Each structure stands twice: as C-alpha cells, then as structure tokens.
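One chain, chain A, links the two complexes that follow: it is found with chain B in the first and with chain C in the second.
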Partner chain A sequence: MSPQDFKVGQGVTVDTRPIPLVLLTKSYRSITLIAAVVIFLLIINLPTPEGLTFTGQKALATFALCLVLWITRALPLAVTSLLALVLIPMLGILDSTEAFSLFGNQAVFFILGAFILAAAMMKSGLSSHMALIFLRRFGGSPGRLLAGVLLVPAFLSFLMPEHAVAAMMFPIVLEVAHGLDLKPQKTIYGQALFHSLAWGAAIGGVATYLGGARNALAVGILKQSTGEFIGFFEWMIAVLPTVLVMLGVAYLALRRFFPSDVVSVEKAVKLIEEKNKSLGKMNAEQRLIGIIMVFTVIAWIFLGSRFELASIAIVAVVALFVFQLIKWKDLEEYVNWGIILMYGGAIALGFALEKSGASSWIAETTVTKWTDSPFLIVALIALVSLLLTEGMSNAAVVAMLMPVGLGIARQYGIDFKIMVFAISVPAGLGFAFPIASPPNAIAYSSGFIKPRKMFTIGIMMDFVALLVFLLMTQIYWPLINLDL
Partner chain B sequence: MNTDHNSGELKLELITKGVRLDRSALSSKEIVRALDIANQVHNPLELDLILPGKVLVNIAIQECLDKETNYRLIKEAEDFFVVNKDLKVKVYLEPPPKFYDQLTTSGKIMAKVGRKYGDYLLVTPTGACEFLSGDMACKYCDVDAKNTDDKSVQDVLETIEAASAEGAAEFVCINVGYISSDDGGISMVLPFVKEIKKNFDVLICVQAQPPKTDEWIDLTYASGIDSLAYNLEVYDEEIFNKIAPGKMSLVGRDRYFQALARAAKVFPSGAIVSNLIVGLEPVESTFKGIDILTAMGVVPTLPIFRPVPGSDLESHIDLTPESLSPIYVHLQNALKRNRLSSSWISHFNVVVNAIDAHYFGGEAPVKRQWPTVLKSKKRSKLALNLRRRLRVRTAEDNESTGL
Partner chain C sequence: MKKKFLLALSTTKYSKEAIDYAIDLTKQKEAELKVVFILDSDVPGSVFEKLTDIGFIGDRPSMDLQEAISNEYVDQAKQVLVEIKDQSKDMGVECETFLEEGDFGSKCLESIARFSADMIILARSRRSFFSRMFFGSAVDSLLRQAPCEIKIFEEE
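This part shows the complex of A and B:
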C-alpha cells in the first residue's frame, strides 16, 4: 500500500519509539522465520533419542516449526497449518494420500457448516433481532442491563462463534454507552458494559461446539488420533456447569469491581426499544433461518452420534441454499476460510505426531518425570492452556497442546475426553489481555476499557476460571462418568 | 558612501520599514513584470531580494509600512542596490518566476494557484477558510477573501510542473485555512498530496488547524506529508483570544499545544513548525513561546507582523529592528538547547529564522542544509520515506496474522 492510500478507520498509527526498537519490531518476523527454520533443522539433525523413531523425530521437528510459527504468528495460522500438511508427506512421516485425506476430517466440515449457519443468521439480521429481543427483557436498572449485556452474548455464543457474537453486539453496546453519555475510560459503568460483553461472549463460547471452533478442532484431533468422540450434547452436559458458574462469578465481579456510577439506564432502555422497533418484525427469511437453526441443534443433540455432526451441519447448509436464504457471495464475506485451512492442517499434524509416537515420547520425557498424579497433570495442562491463550490464538493453543495432551493422557491412563476438556475449555477463558480472545479485542477497541484494569481483574478471572474448572473435575464430572 | 552593513539587520530594517522604489527600479523590466503579476492576481507587490551572505528577504511594498522609510531600491546598469543616506548595498532581485504568467488548462493564472517563497511553492487549494471574515476572523491575516477561489488538483499539478521546470518547487506548502471538521482540513488536502507525491519528487508541508483527535495527526504523516504547521500565531493567551477569536473558540489554545506535542513525536525532528508572529505581543511573551514550543520539539517560525491595509491591526506597528534582533538569538539558543534544526524552514524567505541569528551576536551561521542529516537531497528523501515506512502501522499490521 502506498502511503497516500491510507484512510481514516484503518487504524493508522505512527510508532514513535526509538528507531532501533522500531527496527527490531519490524525485523521480528524475519528473525522468527529464520529461528523457526533453524530449530526445525536442528531437531531433524540431532541424534535420534532413545524411545523415539526417526519418523517421530521428523514429526517433532515439524511440530516445533509450527509451534514457533503459531506462537509468534510470523505466518498466518492457516499458512502454517498448510505448511505442516505439506511437510508431513514430504518428510515421509505419512504418505501423501493419508496426509491430505486428513484434511477432509469431519471436524473441518462441521466448522464449515457452523460458520455458514452463523453467516446466515448475521446476514439476515436474525442475530441482531435475537440480541435486541433478549436485551430488552433486561434493563430497568444498571445492574439488570449489565446482566443483559453479559448473558445475551453468552447465550448467543452457544449458537454462533463468539467473535461473531461480539462483533454483532458491539455496535449495540456502543450505542447504549453513548445513549447514557458514558465517556471512554472515565465512566466505570462504560467499562463494566464492555467487559461484560467480552466476558459473556467468551464464557458462552466454551459451552458448545458452535461458540468456539477450537472445541470442534479438539474433538476432531481426538477422533482422528484415538477414534473416540464427544457428542454435541455430551459436550454441553460436561461444560455447561462451568459456564453457568463462571457467568455468575463474572456478574459478581462486574458488580464488585465496577460499582455503577450511573443512576438510571432509562435512556438505554428507550434506545434498545427504538432500535428493536426500527428492525421491524421478524421477516419470513429470518424465521425460516431460525427454524433451520433450531432443527439443526436438535439434530446435533439427538442424531449426532448416528449421522455425524458434520453431515447434519452440511444438510442445514444445503437447506439454506435450497430456500435461497443465503448466497455464495455472502459466505465469502462472512465465513473465515482461513480457520478451515488452519484446522485441516492442525488435525493432520496431530495425527502425524500420534501415529509416529512423537506425542507419547514427549509425554514420557517431560511431565512423567515430575509427577504421577493425574489430577496435577490435568491441572497443569489446563493452566498451560489458559496462560498460552492469553498471548496467542486459542485455536493455535488447542492445535499445539492436543497432540501432547493425548500422549500424556495415554501415558497416565487419563480419559482422553478429560484431556480434550482440560485443553479446550481453558483455551477459551482468557480475560486479561485484549489479544486473549476475539471478544476481548473487540470490546477493547471501544476505548472504554482501561488496559491495566483489564489485566488485573482479568488475571483474577483467569484463576477463578481455572479453579472452577478443576472443582468441576472433582465434584461434577464423576457424576457423569468422567473420572479423573 | 558606506558599503559596510549587517545583512541580518538590513533584512529586519527592510521587513519592518519597507522600501521605496526608485524611478530607475520602477522602470526595470523585473519590477514592471512583478507589478503586472501583482495586479493580475490582485495582491500587493512583493519582492524577493537576496542580500549579501545569501540572506533571503521577502518585502511587501505596502503603503501602510513606514512611509518615511529611508530605504530605496535603485537600479544602476544591470544591478540593483538598496540605498539610504549612509548605505549602498548591492542586492539581487529575484525576478518573478516565469510560470506566474502561465495559465492552467482551466484558465487560471498560475501565480494565483501557487506562489513562490524561496524554495517553497505555497498553494492554497480552497477559499473556504472560515476565519477570513465575520466574528471569527483572525485580526492579523493577510489572505484576501476575494482572492481565494478553489483550485482543482489538476490546477495545482500543472502549476507544480511549471514551477518545477524552473527549479522553483523543492517544497510544496499547502495552506488549508480553517474548515469546520474534526480533521482540521486534512481530508481536503489528501487528494492533492496523493497526486503530488505520485507525480513529483517534492517534499510537502501542510499548514492546517489541529484536528480534534490525534489519529488524524498520525494519518497526516502516514499519508506522505513531510512537514506540518499548526500556527499558534502568538503565545500570550489573552492576545491569542483577542486576535484569533475563531481559533480560540473553535479549536482552543490548549488543543494547539496538545496537537503540536503529538505531531512533534510523529514527524521527523524539526519538521513541525508553528508561527509566532513577532510584533503582536510583548517580546517576553514571544521568548516564552519560543521556549515552550522548542521544548516540545516544535520549531517556531517567526514571521514579522506586516499590517494589512484595512485590517483591524492596520496601525499596529510596534517594531524596530533593535527590538527584533534579540528574538532571533534567543530562537537560535532555544533550538540548540533542544537539539532542533531549522533546516526545514531555512529556505522560507517570509520568516526570519535562526540561521540569521549570527548577524545579531549569535553563533556562526548554521550551514543551510536539506532536511535531515544526509547531505544529498536524494538520500534525504529516501531516508524520510524509509522512516515513514518503518514507523507507520495500520490496524492490519497490529492484528495477528490470520485468525
């Protein structure tokens, strides 16, 4: 882009730090790429350690290369995954037919279907309708409105990707804030509203496969590597209590740490009413999409094990096109195609690590050395997942930890499903940084949130989330036959 | 007759007192042409003189300057001289650029589109400045509201091309005036900047009003503008409010300081300038303004107040060369103290800047140089572009690569 093409709204900023620092930042990507290649070559050329085959060593080198690239984001996540998909057959870890067939994993098609369904909801305005219908039931007092801004995105994230929910609700919350004359960073209630939006969407996003595609990715890697599977309903049953407790904790934290400095929210209630009226009644298209969505979720719950989640998702997508409820052009705009590519490659890499014995070898040579308590192992994995997600894409966290986690689970005789939950649930519960999750980033862009406050309260929320999750493993999971 | 003189002092004398044109000069082809162009564009006659020591001075020939001036411009054979009863100094009269007479394809006389001041080509694309008349009018401004019709991008490009052909446009300075908008008028300038940068290898400076938010300042730099002026005009708050009521009520003096501080961080050192008009406030106040601005990284430009006939301040003449000279020494010291270079404005002949300070007891002249530390113009421009490439980031760059 030539300098004269910059426009307002592109978030143009000038880095005013000393030039050496700017240079270092700018060359960070090149340094990272070189470092990734060096690490890859180093691992592949080291003497093969005891207990690891040379194929496993090559898988490990590929994993390390992807790890560096995923963490540093020197390449787009999807491109790193594609690189893995190419390196696996090139290095002879798997034959090319097997490697590329892994891209057709049903988790990939489930995610594709879920994205298309979410796209239809957003494009038709159904999601906005739902948000406003639910939101108008709250209001009345600052506390109730805050609860609404927490619970509505949480519920919507049961059905749609959390980032889409946050993006869709962001302008509504912003209008509410402006309607109440809240000043960015100055009014406490304004901060509370945007924290509420971010937390609600993030917490709700762990409840089903639909809220965070990372959940489906984790299950995809599980099925590919072990043959086991977690159904849509089974997932919800296992995770929902954590979600509900966390929503309660979040509300209490919002009330405690952001005491309302607003007396009345009458203006906001009026604004929501007006907005709702301006949308008019739900049209036939929106109703039909809603019906398809409801049937799809019912089918996932009751027919998921018989017909596969991906098949049901794709049938729903076909129905959308049959009734002309969405056009292909809309999908190009709304569907994150990169994530599809990313997940395909990540599943292939996870399988390659598992099949070559590399993941078991990592488990044996690392965690096994210092503890033999399955609970401590799960706690450690959950902590690592939570900390990593604060700094990197939560999908990348899942892609990175799943192969190792499954190896560890096998080593310790831990239920593979528990390992899936231990990795993917905390991976969606990062609260401390704007980059921890898409909802955090979106809420932060409002300008209402103070970074310092986001960090201090977010860290506390992180550890409460970990605690709640671990308590569930001990108290609740045994009741549903998930024994640790 | 004495030919010993001090070019700095003479410059101040000529700026403050003006010069009368002798019959010998008046009949010269250079003056006849300058007068002709001034008449065509309805502007007062301005002459560009180069005094010994390459001291540039732009002199307005106006009635309201000291009518009793002793200085005369005469022509003997092919040479011009500035004379008074004790002095005779040979000067070079820079003839009006050839492009002034040319017409753009839309039929505008180029002297009206762009005016040359030293190496600068000053362009005022729009006549929409809301501070030209009415309650909001700046009391000191010499821009003629009748003479500021809009110019198209094409008009400006053609004028720059013609000016460049005779080496008269190293810098293109775009003056925005005041347009009521959040951006300080930058959006209006951007199409001009885009086309100028695309077609010419020139540096661009913009004189605008501070925008409401700093995001616009970052965008101003990102979009290719090399130097920026938010003109405070006077430091004294009371005088500022009185002589610039529009700036006071629609922008606010504090916003000038905030915007200048941000701009000084964003742009290269020395590229942010702000006018402090000398003669509109007490000297002590100008000193204070110089100190505050330079400490922020802003280079004060010190135009000398020239009363505009018919303006509120027509009779406001309170300047003597003796009162002016300490200001330039003070400016030089302040720039040195804050490690600022005035090289960005060293070729701008309507202001007296620090490079002239040595004439008043300051240090030896700083060598006139192209902006930035590099000596070659080409390398300097490369360095400036590289700096921009390194420093400018978009939200896209800041986001994670990918999902």
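This part shows the complex of A and C:
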C-alpha cells in the first residue's frame, strides 16, 4: 500500500497483540467481577472450618469479595464499601440497625470535618499563601531550596490531606522549575524538585490524622472493634520521630542520588518573592480560617479525650459557616463525598469480621503457624502494608489489613495500638511507583521524573522507611509505653 | 520530487538522538522534515481519576491540577518544537512543526498519510518485552500498520 492509498481519519487502531491477550485485557473487568462473585460463593458454600462459625464464614466471604474489588478496582472503592454495608445485614452477619449505625462512626465525621477544613484552606488561598511564605524562608542555594520543597509540603500535610497539598503545590514547583529553565527529565535538579514534593507530602501525611485519612480510618476500626482509641496528640508523639528521621533520610537521598546540576537558584527565589508579593498580605478571611484551624488543632490535642475528635471537627466546620468563610457550593466542589461511603463501609466490615470471630480465625490459621515472635509479626505486617500500598489505594490497604491485624494482635497479646501503627504508617510510605500514592502520581505527571529512577530510588526508600519504623518500635516506643 | 521525512515525538516518547538523526538525514537527502509532537492526554486523565477515586479529592482541585498538567505538556511540547526548528534552521534544513493531541499510533498514521511521508522517525520508551506484550505498544502497532519505512530510537 502506498502512502497515498492509506486512508486517514477512520479512527481505527488495530491491536496487534496475541488474540488471547487482547481478549483478556478487554474482558478484564468482567472476569474480575465474576471471579469476585465466584470466590464469595465458594467461601460461603464450603464446609465451615473448625474454629469458625457460619456467621464468621459469611463475614469472611464478604471480606474476600471486597478484597478482590478493592485490589482490582473493578468497582469504585466507595461502591465496594457500600456493597459490604449492604451484604453484612443481608447475610445476617449483623442486624441492619447495627450495620447501618456504623456509618455514623465518629472517624467518618472526623474525616469529613478535616476535609471541609482543608477545603476552606484551599478555597481561600490560605494553603498557597502558607506554602509561599514558608518556601520564601528557604532558597538561597540549590540545597536549601530543595529542603524547602521537601519540608513545606511535609509540614502542610500535618494540617491537610497529603494529596491536596501535592495538588496545591504542584503549580508552584512547576513555576520554580520553569524559573530555573529546568528541562523535563534532562535536568537532575528538576527530577529532585518533583521527587522532593512527592516525598515531602507523603512522609508528612503520616504524622497526624489530617495528612492521611487512612490514619483516622485505622483508629476508627480500632475503636469500633476493640473500644480502644489513639488520641490526636498520642498519634503524633508516636509517629513524629519516624517522620522526622524519614525527612532527614529523604533529604540525604535527594542530595546523594540527584546531585545538583544548577549553580544558582536566584531566579527561583525571585519568582517566589514575586508570587508572594502578588498575593499580597493575608486577607481577613484567610486569617480567620487560619485562627479556626489553629484552635481546632489545639482542641484536638488538649480536649480530644474529653470531647470526641469528630465533635471538635464539626464545631470547627460550623464556625466556618458562622463566619461565612465558606459556602456549601464550595464544599461540593472541594470535598469528595465518596469518602464517607468508603470509610463507613470499611469500618462496618472491620467490625463484622471482629464480632463474628472471623478476624481471629484468620490470625490463628495463618500467621500464628509461621512464627511466635511478636516483633517478626509486626515486621511482617508492616512489610505487607508497604508492599500492598505500592499497588493499591492506601485506604484500601488499611481497610484490608486492620481486621486481620487486630485478630493477630489479640492472638499474640500485641498492643492493638502498635498494630494500628504497623499498618497505617507503612501504608503511607510507598515511594517506588506513580500509583503508590496520589502525591507520587502528581509529581510523576510533571514529566520531570524518570520512571526507572523513581522505581530504583523508591524501592530503596521503601526499605529504609520500613527499617526506620522497626527501629522506632525497638528504641523509641518503649519510652512512650508502647512495648512490643 | 523531494522526499518527506516525519519525526514523531510525544510527551512520553522523546529522544535527542532521533531528533539529530532526523535533521541529519533530511539534510543528507535534501528532503523536507515534518515534525509532529503528540500531546499525551492519558497521563493527566489518569492522575485526575486517581485523585477523585483513590485520593477522594474534590472535582475542583482535581480539575485545576489536570489543567496545570495539560498546560505544562503544551509548554514542554512547544519548547521542544522551537528547539528543533532552531536546530534545523542552523543546519539549513527545511522543517515544519505541528502540535497534535490524541493517541500516538493513530496520530502517527494520520500524519504519514497527511504528509505523504516516505519515512517516520520516532522514539519509544524503554520497556521490557513482557510489558510490551501484555500492555501493548503504540510503536509495535505502528510497525505493523505504517505504510512507510520506520526508524525507531530507544529513549535515553
């Protein structure tokens, strides 16, 4: 066929892969859905194993179904959780009143409140203002600017969701890169800046309940299943040293693996100054939101045990409306309400597994047979959480591992709180793939990051994170009465 | 009649070697060079999806981000095209540049036909054989369908 004979504009692309592969790819979603249902029916219809009740078996089948759907994302995460919530009463695992009441769990309302506060910070421009004010303090040299792009998102992720921080700071870092004439993938410093943004947001996101909603989800499942609770301050005290060490490690890794190929960052500093000036001084609205945020965090730290964290969050949200700092329409644009469905369903499923005895049964029949060392168990759980988060949503990782983890903790007499940390902290520390976390995906989309480099250095960071976490369990946690 | 060479690049498929080769060859053969940069709309789309589904972030920040990413891709593409044009001019090579958006394979085929290209020069990202087999490759697909000679460079 000559070029002239070739017809254009037909919009047809011929898939030249082997036919079985093409069919497999095209029917992947249907196969996944069918497989999930088959696994569900198979578990329900198997003879009930010794040590497990039939109710537990049904809870296990529901869990397996959700597991497949959460991992493959054949359905949106929130819809899978919704399915769990419906199946639990339908199968008689819990009565419907009890199952649906779990939707009103305080962790769900805390997360909702935290997202609304973050929405107010973003909508008003307070978050960008804060980012530029802090970033201005750095600069001066390539190393200092890099530290700024690592530490500013980390600090902001103490206060708002890490992915919101990464999304908000992305255009700022992009402008800095352009200001320095950095070319995508070609300049090492450009790669360093975007890795820095992703790592900073991800590491900072494990420090509080606000950075990663998965932390609040884990504590929500803990409270619902065991009655125990981890306060806002208690969480920070336990996790902050890991975060600080990891930020130090991240900075050293950035300097070591991305040696600066720019001499001066004067242009970037100037650009940040100009951007800061163009925003002007903080307006009354931004100041008021900042004040509400500060008081809310203080209340979570000092009054969290007296009043529920969720109540404090909701009072703060009401204050935003009282002072007319945010409109309902803004919430609809900035908050994804699917989170309520996802977390409400996950908490209900966790509770159903615990109450039916299924989580203890899983613990008895799996991990217990491999080792009797609590430390090895915690190390294994942390490793599994870290590896899973590289390929799936970290909220889904927490929803999956928490019920099993609590069963294992009970079996070994491990403090439930330690199990919460062992699951939710590594779940936020995936560095190797763009899909490991939203900050990674955002940074990767800049075009500045080489996937191969992200993987090789990311894997190393993953294992350093695991090591740091395990060292903390042995060295630091005994000092704060978290004995393993 | 002058021969026509087509250099196809995209957001995720770029090679300096391919650019140099295309310009040198065009000069040697006293041909015409058409350069098409295809904007990869899949990446911002998948980030958007990830943020709304997995990240549970609202539509507004996700869309703002998607717009920022798309604008960045346009800027990057324009910069590459200007650099190629300058390089060609310095070498005394006749060169026309185009910016397109869509599927890489389809856009290449369209461009081959549109310019009646005698050869297409392109870059492809380094991926394993298994990755190409399982997830497909726009370049492999193009190899089978292109009605002209193809020269492929592995991305640096």
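Just so it is clear, the second predicted complex is superposed on the first by the 461 of 484 C-alpha atoms of A that agree within 3 Å, B and C clash if a C-alpha of one lies under 4 Å from a C-alpha of the other, contacts with A are read in each partner's own complex, and residues count from 1 in each chain.
Just so it is clear, a contact is a pair of C-beta atoms (placed from the backbone, for glycine too) under 8 Å apart; a residue touches a chain by one contact, two chains touch by 3 or more.
Everything quoted here is computed from the prediction, not taken from an experiment.
In the superposed pair of complexes, A:406 makes contact with neither chain B nor chain C. Look at A:171: by the touch rule set out above, it reaches chain C but stays clear of chain B. Residue contacts after overlaying the shared chain place A:420 against neither chain B nor chain C. By the document's definition of touching, both partners, chain B and chain C, reach A:395.
When both complexes are overlaid on chain A, the residue A:75 reaches chain B alone and has no touch with chain C.
Here chain B and chain C are compared by how many residues of chain A each touches, and C touches more. Contacts of A:161 after superposition on the shared chain: chain C is touched, whereas chain B is not.
In the superposed pair of complexes, A:19 makes contact with chain B only, with no contact to chain C. Of the two partner chains, neither chain B nor chain C is touched by A:377. Residues 1, 3-8, 11-16, 73, 76-77, 336, 338-339, 342, 393, 395, 435 of chain A contact both chain B in one complex and chain C in the other.
Looking at the complex, you find that chain A touches chain C at residues 1-9, 11-18, 21, 25, 73, 76-77, 115, 119, 122, 161, 163-164, 167-168, 170-171, 174, 178, 183-185, 213, 332-336, 338-339, 342, 393, 395, 435, 438, 441-442, 445-447, 452. By the touch criterion given at the top, residues 183, 187, 190, 193-194, 197-198, 215-216, 218-219, 221-224, 265-266, 387-388, 390-396, 398, 400-403 of chain B touch chain A in their complex.
Those residues of chain A that touch chain B in the complex are listed here as 1, 3-8, 10-16, 19, 22-23, 26, 73-79, 336, 338-339, 342, 393, 395, 435. The touching residues of chain C, counted against chain A in their complex, run 11, 14, 43-44, 46-47, 50-62, 64-65, 68-69, 72-73, 75-76, 79, 103, 105-106, 109-110, 112-114, 116-118, 126, 133-134, 136, 140-141, 144-145, 147-148.
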